[in-house]
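Per-chain residue numbering starts at 1, and chain names A, B, C, D, E and F are given in the order in which the chains are listed.
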């Protein structure tokens, strides 16, 4: 049995979907209007899920204040009101929300040490969401 | 590790819960007001979850435009503004949302070929939701 | 200055848009798929707004328990899990949500005596809502 | 007494807040991170409210299909997946959501002829919304 | 014509509805379970609406950063994670949400000087909300 | 493959985070403003998930009326409009939402016999949620 805690954050950013692997026409076909040269944007909702047993003394899986300050410092400062195409992690990657979820999952899983990061979920719009989750075979971490 | 993409659709439909396995009084006891002879309706929210690794060139698990056109053609055309009791898949089944989730899961899992369909979730009202998900043993697909 | 209190209720019902003023083809043109012979349905959200000065002793504009029992008895019992086309108030009217708002506004305004009913708002879907509100000239009530 | 119908639309766009009336430092002070040179974006929710008496034959204030096709053609085609700073109406104006509401209100009020447009409301984020509404003195329209 | 800007804030607090004008039995009758001696609580959503013409140079009705810092300092510091019965403004008043709306409306209207405060709306639960709005007769301000 | 049904309930309650394992200063450091002596409160959203195969005759995983009456009698009567610190299950435990999820999961898993309880999820605020779920090894139950 397991307890999970999910914390939700929000940030507004823009992006343009365009891949260097394809020519103009292919980019247009694959990404449609999301390939518009001037970009467009979203209010992203980021959910971070950590797991663990509630500490018998504090009753908490992990102190939300610690998770908040980590996310604020390592993620929000870079992404809030940003253009994702200009952000370091997308130097060589298309800033799809799939890729964004994966990058944020790895960053959190590897660097946040106060609880086990299980999942990152990002809502791009009310109609689309993306999750990235670690499996059991992840043993090494 | 795995990436999941969830896409949300909506449709409005009516249904009447009534099973041929029971007599009038039993139907009334089991389904309560949902057994009213004239039916009632809902705004159903349908969520389809597919999984896969983001394609390294496109950064996408699957092109949403492909999923949308499949769902539009195979599901929405039949269910939007419909009476579920009259829809082909409920010819011999009570149109509960449990059964609706299962039918849509099988339809999607077997016929949508561009990503692995992992789960169908349907919100019947803000207070009730139903999921149908495939397990690992599903190997054959 | 004025205080307003809004209370939200929900009910699930079906309807079919079809007017006796038009022939088959016209009904189809005007109402589109909402004219389907078997009807379809919605989760309606009903909001009732009353106004007044907060009572200096109770601090309340009107006791929510009184509003709830009125709405339960006079509205919910008839509409919850109903087919609107079969409900008394739609005997001679098309059960559009415009008409439903107007009928419920008049019922509440004329019969609920413990606060002034100012507005009825009904959300038919997340994308459509309808309001009916009384003006100042309403003096006679 | 009056009936109002509100229809909700959504679009994703980016913008950068920057005014030619100010120098670099002033722009930074006034708009904060929203002045970032590469812009950022939002999922805008647009609500259009029209008023009128429900037509006694159709039971409708105005046919939603007509409002939808107007908004699709005159607004959505320009704004969906756009960069607002590049859109014609913001050639000489800062693309704040206040200005966007005002521009869309005037466009709708002056050109949509099938019902009286009363209000435009835009949610920029879950935390901010903007409305532009015409008053009684608007007689000339 | 008029532009309105609405900003949403949230705080969590507890309260107990109990009036010194009534005896034990009456309090129980009037407030029901909300009169429980140990209190209960809510996640309150506070919406502040201000009006004005968008400034032609900045494109803004009022700088959100100014409104935020006023609300943070004058309201949030007192109410976030508080017991409303212990807060100064409820020394002699029952902490109903009607009274809370009125108190916050007056505080904002009289002390926030950078735009005209038109309305305060508080959602107590998803089912109840309360508004307090100033009328035209408010001339003195 | 498996069907899941999730039912949502709501209740309003207050709590104060304070552990007897720590002194005043430590409690303040660990729980911040949530340690305020007078407590604060939330609108908790409780989601109960059960699993099973839809019954071939009724089309239902479990009758919602049965689940509702169990939750009403065993959970809601105690928690609705309560102060969690005064509730029996928190006699020796800090009423964090982690602990609340765990207690409710065990109560439901052990005492509700009409379907398998898989998960309890509680939203404390729009920004925080907590889940407690049983694993496969739970065989003994």
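Assume a residue touches a chain if its C-beta (ideal position, glycine included) is under 8 Å from a C-beta of that chain, and two chains touch if they have at least 3 such contacts.
Values in this document were obtained by computation on a predicted structure and should not be read as measured data.
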item: Third chains touching both subunit F and subunit C; value: B, E
item: Count of contact steps on the shortest path from subunit A to subunit E; value: 2
item: Angle (degrees, nearest 5) of the CA superposition of subunit B onto subunit E; value: 180
item: Copies subunit B and subunit C touch via same or different residues, half shared test; value: same
item: Chain pair with more C-beta contacts, A-F versus E-F; value: E-F
item: Maximum centroid distance from subunit C, chain identifier (CA atoms); value: A
item: From the options E-F, A-F or C-D, the pair that copies B-C, where over half of the contact pairs coincide; value: E-F
item: Most widely separated chain from subunit D, with each centre as the mean of CA atoms; value: F
item: Between subunit A and subunit B, centroid-to-centroid distance (C-alpha), Å; value: 28
item: Subunit B: positions in contact with at least two other chains; value: 126
item: Which chain pairs touch, all of them; value: A-B, A-D, A-F, B-C, B-F, C-D, C-E, D-E, E-F
item: In the complex with subunit A, residue positions of subunit B that touch it; value: 1-9, 54, 57-61, 63-65
item: Residues on subunit B engaged by subunit F in the complex (per definition of touch); value: 17, 19, 21-22, 30, 32, 93-96, 98-99, 101-102, 105, 126-135, 138
item: Footprint of subunit F on subunit E - complex, ascending; value: 10, 12-15, 33-34, 36, 38-43, 80-83, 85-86, 125-126
